[in-house]
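Dropping a structure here in structure tokens format, bear with me for questions.
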């Protein structure tokens, strides 16, 4: 399994699309590196994009844990994201109408607890019923939460939003003053275009480290869960809940666990967002976030954690990369052009990579159980993929 | 359409029934799902008025033969000919109109439609006389007549099987492809169905049938094929197959 | 305003929602996905009518306060919306080999494309049809009902279209074929149903009605590139409430949702007037049942209805 | 209907229509690169129509600036879309500041987005941020964040006075449910001494506001105050008209515009009074701006276009007056080129001439087409207000109020 | 109706006066019978007699209109399917269930009950125990696949197999659950006769190891050979119960079910 143990085998194990994606990713990373060294890409901006990608990756992890694993259709990603963001903002911000001024870690905990409560509130009545209930209830819930945040000023400041939010490392030893303490660096790789790394660079670097920590832990937890019997029950529910019930699985409980897990991860994304942008408003609960999380999961490949990670990156590339295309593209009204481009990219990916970029590739059995056992040769394409490519309908 | 017309040279005449042209024939067909090959140089023929039975182990490719013949799958190589005309790759909804009917092995009724509607759907390609045929079928299958306005998903397994069979008969096809008609049927009902198959056949419909109930299946057939791993292993009259020690041992549970 | 007045408003708004929800529901069940581009299809209908109306002008006479030319524009709007939808099906959806969630995501992309094209062509500002705005019908004002002839025209046209659809489904096999297809597409083909053709008809009907809904929405309010999209969530609620895939359910759902959103001021009056149990409950309700929460109330009612009738109002009882 | 121009083709103008084209030497012949500044605009999303209005102003201003040139160099504006959302706005500003490295950032439209950008991207750097359209009260608390459009506070006070003077002691108020609407409404409620018969917010982009309208009607107040945007207001007017209600309308500046006139029935708003920020006199610079605008776009300019226009001109002047093209240097000049000291001039050309002749930033006082633009210590412009009345379905200025 | 109620020494499953109707149709009509521990009990009856409905009632998928179900002496009426399974009863479905996105092997591994790895916390608290039981289950799954002659399908997508193969996977998975009582709904419908014979041996062997079976089957040769006693259901109620011989020669059974042919 691990790259360190046996790198050669790990690479030989890759399926064709995996190899392809790996190749493209490496090339893309190199390209970015070169762009950064030559000054074509601002390092601070790049780190901001990485932070955003991390945030979308977290959102897609969360949705993947619900939809990809268990088939729960959650249309209130934005609501859980918003709960995370507001929960943490209201606890830490100086302008908070209720509490405020707490350590960001308190904010983190409170955000997660509120998300948990909300997940229970919506899960308890709906998860016993057919899967579409959750879709419906969550669609409504997202709107209700948004309207409450917008209108209940005593609680949320209403449309004014919450400002005066500290960075996540506020009050931590060393880290809280790290960006200011770091010297401004000036790197010259290409003569004439020096790269200047100032306070905001170090601040962004901290943010990136934070999101990497969040996403890294999440990824590790999800991967292990996905390969486990626990994950297998979820996948059984996704495909045939009655079968799972007949085999003695308490499907309601499993669905609840999966729903809560995903919701917490989405709230985590919200917490990060709050301390990345230092401002939250009701607009952050707009359904568009839900759209993008779905797009990321589907583009990445439903049910695949790596896919979700990749989907997060793809979303940022689509949303922010199109800004660069603007600079060169036709001088038609640029804004709708960008909207058009985003639309075209989404359609194109679905057309040419319908199972997503990195669909689940191989069977998911607890790793050490299959190790050493003669694993039949890796199929050239993934389980789903072969199905997707089938000629019959 | 062109019943029995043989304007093309189909190189007939080397089958056991030398002389007649087959209504339906697969010759040298390779076929499968996606990239997975299932049929390997498979040849099966159905002569006018015959009942032919396909038997073989699970996963041998029997259903795949029917699906390929009916356009659900496109043959990779080889031809599927109907009255000598190549119909390989033609869409199922068009093949129905040519006069071939098909009863799938699974998912063979519209669960959310009533029995009555199921039968009507079987006749969308008919020009007329729909009501009469449906009434005839109800007469023939009282087991579904009683439930004509119930949703098909409420039927028991066996009732469904009967409905699926009836649905295909609405078109009064020339050739009928049936995938395991007796699976899940009570012995007496299975007998009825086999009798019905016989009766349909008596009205000049050639039948290609997959059956695991080999004794009864071969019992009403004129010829049989044993399929294994996508290839025809044996071909012959029911007696020949049933009496062959090896065939019977390996495939027929004898 | 009187209850009657609120209900009259609700009826007009419902008519538009109903037109949108029928199409969404049809496509949902036949093409098997939630079409997020449906709202923008409505927008296409509206802008087509705008252009057509600008080109043909009033054409002499008028019915219900609307010039003949407007009806021509309506028909063209319906037609173009249908053609665009069919073209999208042929060019984009049909060649795709993905499951329904994949299609849903694709439709989000399509929605962006439609909207971007409209914005490129027309700018993002709002505009209206160039028809004379009317005053309320005098004879109804004493009853607290304040509707114009245009409103009557909207309701009447919607009724005509809905009845037309009903007749079509009732007296042809199309409706049954659609259901068969929604149930089991493979078996439908095996039975000889030309599924592609049925699908195209579905798109024609669904998008055509959406186009009409868009034109009326423009007449009712105004046109802007986001008009249809802004309505989409409510339309979804209507479809789900009605029972996914049921045309008649979509009608009922659309009607109810339209009514509920317009009746909220009335509900809030009722809540204020009623002597509700403990004081805190009364305060809570008074704070929550206000027009800011109109959409939220509609959604909550939808969820509650579904808990009682799990398959929507027109669906079959509990499973 | 005139919805077909997409504001894009500014290229073929400048062929002598300006009259004042005489002696501006050789423009742009220099090999030096243009100055690049950034702008965050609402090109898509719920405020996209404002973004479009902004772009018209920006394009016109760019023409006027580049006809003259800034010390021989041109001005170039990189526009990024905020999607009218915080997230989009922040991402756009991130790119402009940290990727393109612009020292001067015009943006954004919605007050919430402007603040979000300021707090998460600009604060702590020396980049100059100048919002083109935000009028929310909260911005006053952020002196580092400049804006061209005046705070809603003076407007709110003026409205309260105006309604009281007109003899009403009851008012029904509806406002758009965002930072802008809410803060303006709050300020009004503070200033208003009469009875508030109805006060409720409404969401943007709704398909119908008949609920709001009917509730306002049942409040029995005779004066109705609207703090909302053009599209929403036009819908409301139409609904009032077709419901046959009668009331005296009042409105904040964001409800006035040609598109409202175009899209509401004749006479439906007659008598309405609106308080709008404006130049203190019926300046000829506004007139010439308006006529240039009409030539270009075949429509009257909105105040939003005028703000955006002034943002660009102000930025250009700040650049010309500064020693070097850095945020630090621009912070020094941006307030002074339009500040009260110096000679009052009403066009970029005139101001630029003074600077070219060796004048310092304090030697010019650019008078904008949207007002005198004197930023106070909080970064807000000194607002001058005009009361407009709708007469024969057109806006007539009837009074001035000094901020 | 009391014919079904033969006295049982040690009934592992008891169905008492069970009723269920759909609309006007009484699919289960005061059905009463018991399954003796250690037997292979056959359940036969015409199509639509209510056999599958009975399975659904016993296993908790349907809520009965009246009557009780007892498993291992516990009243499980009205319990959730998973609770019934906890009491040791597992059922298969007449129409095989497909598991999308899994290989056949994975689909099999859902079978075992109470796997330590099914608790989220254990995954992190005690990965070793997860690993251990997973290895054991995998070995067991592969063994059964081999016996069912579908080991070559182990890493095939579970959806891409033939109709008969699906029935086999369904059966194999249920066996992995190692229940005390196993309810099989037509396990060999569509299964090749040669293989069916082998399955017969499998079932018999498992039975000898202590599993009690209740099985619905229309293949008379199969069921008569394997099961004793046999319960005959007709129109929702127990028509008769007895030895294969007795049932085979019962006129009512011949009439309603077997027909002349057999």
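In order of appearance the chains are A, B, C, D and E, and numbering begins at 1 in each one.
Rule of thumb we're sticking to: a residue touches a chain if its C-beta (ideal position, glycine included) is under 8 Å from a C-beta of that chain, and two chains touch if they have at least 3 such contacts.
Bear in mind that the values here come from a model prediction, so they are computed numbers and not experimental data.
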| item | value |
| --- | --- |
| Third chains touching both chain D and chain C | A |
| Most remote chain, CA-based centroid, reference being chain E | D |
| Intercentroid distance (Cα basis), chain C paired with chain B, Å | 46 |
| Inter-chain centre distance, chain B versus chain D - centres from mean C-alpha coordinates, in Å | 76 |
| Geometric centre distance via CA averages, chain D-chain A, whole Å | 37 |
| Where chain A and chain B are represented by their mean Cα positions, the distance between them in whole Å | 51 |
| Contacts with two or more other chains, residues of chain A listed in rising order | 150-151, 332-333, 335-336, 339, 386-387, 389-390 |
| Contacts with 2+ other chains: residues of chain D | 6-7, 44, 48, 51, 177, 201, 203 |
| Multi-partner residues of chain E (each touching 2 or more other chains) | 160 |
| Chain D contact footprint on chain C (complex, rising order) | 1, 5-6, 9, 13, 16, 50, 54, 119-128, 130, 132-136, 141, 146-148, 150-151, 217, 220-222, 224-227, 230-231, 261-262, 264-265, 290-292, 294 |
| In the complex with chain A, residue positions of chain C that touch it | 36, 92, 95-98, 101-102, 104-106, 108-113, 115-117, 119-120, 124, 185-186, 233, 236-237, 240, 244, 292-293, 295-296, 299-300, 302-303, 306-307, 310, 319 |
| Chain A-touching residues of chain E, taken from the complex the two chains share | 59-61, 80-82, 85-86, 90-93, 97-103, 105-106, 109-111, 113-120, 123-124, 127, 130-131, 134-135, 137-138, 154-155, 157, 159-160, 173-174, 177 |
| Touch list for chain E against partner chain B, complex | 22, 44-49, 51-52, 94-95, 150, 153, 160-165, 167-168, 186, 189-197, 218-220, 256-262 |
| Chain A to chain C touching residues, read off their complex | 67, 125, 129-130, 132-133, 136-137, 139-141, 143-144, 147-148, 150-151, 287, 291, 294-295, 298-299, 302, 332-333, 335-337, 339-340, 342-347, 350-351, 354-355, 388-389, 393 |
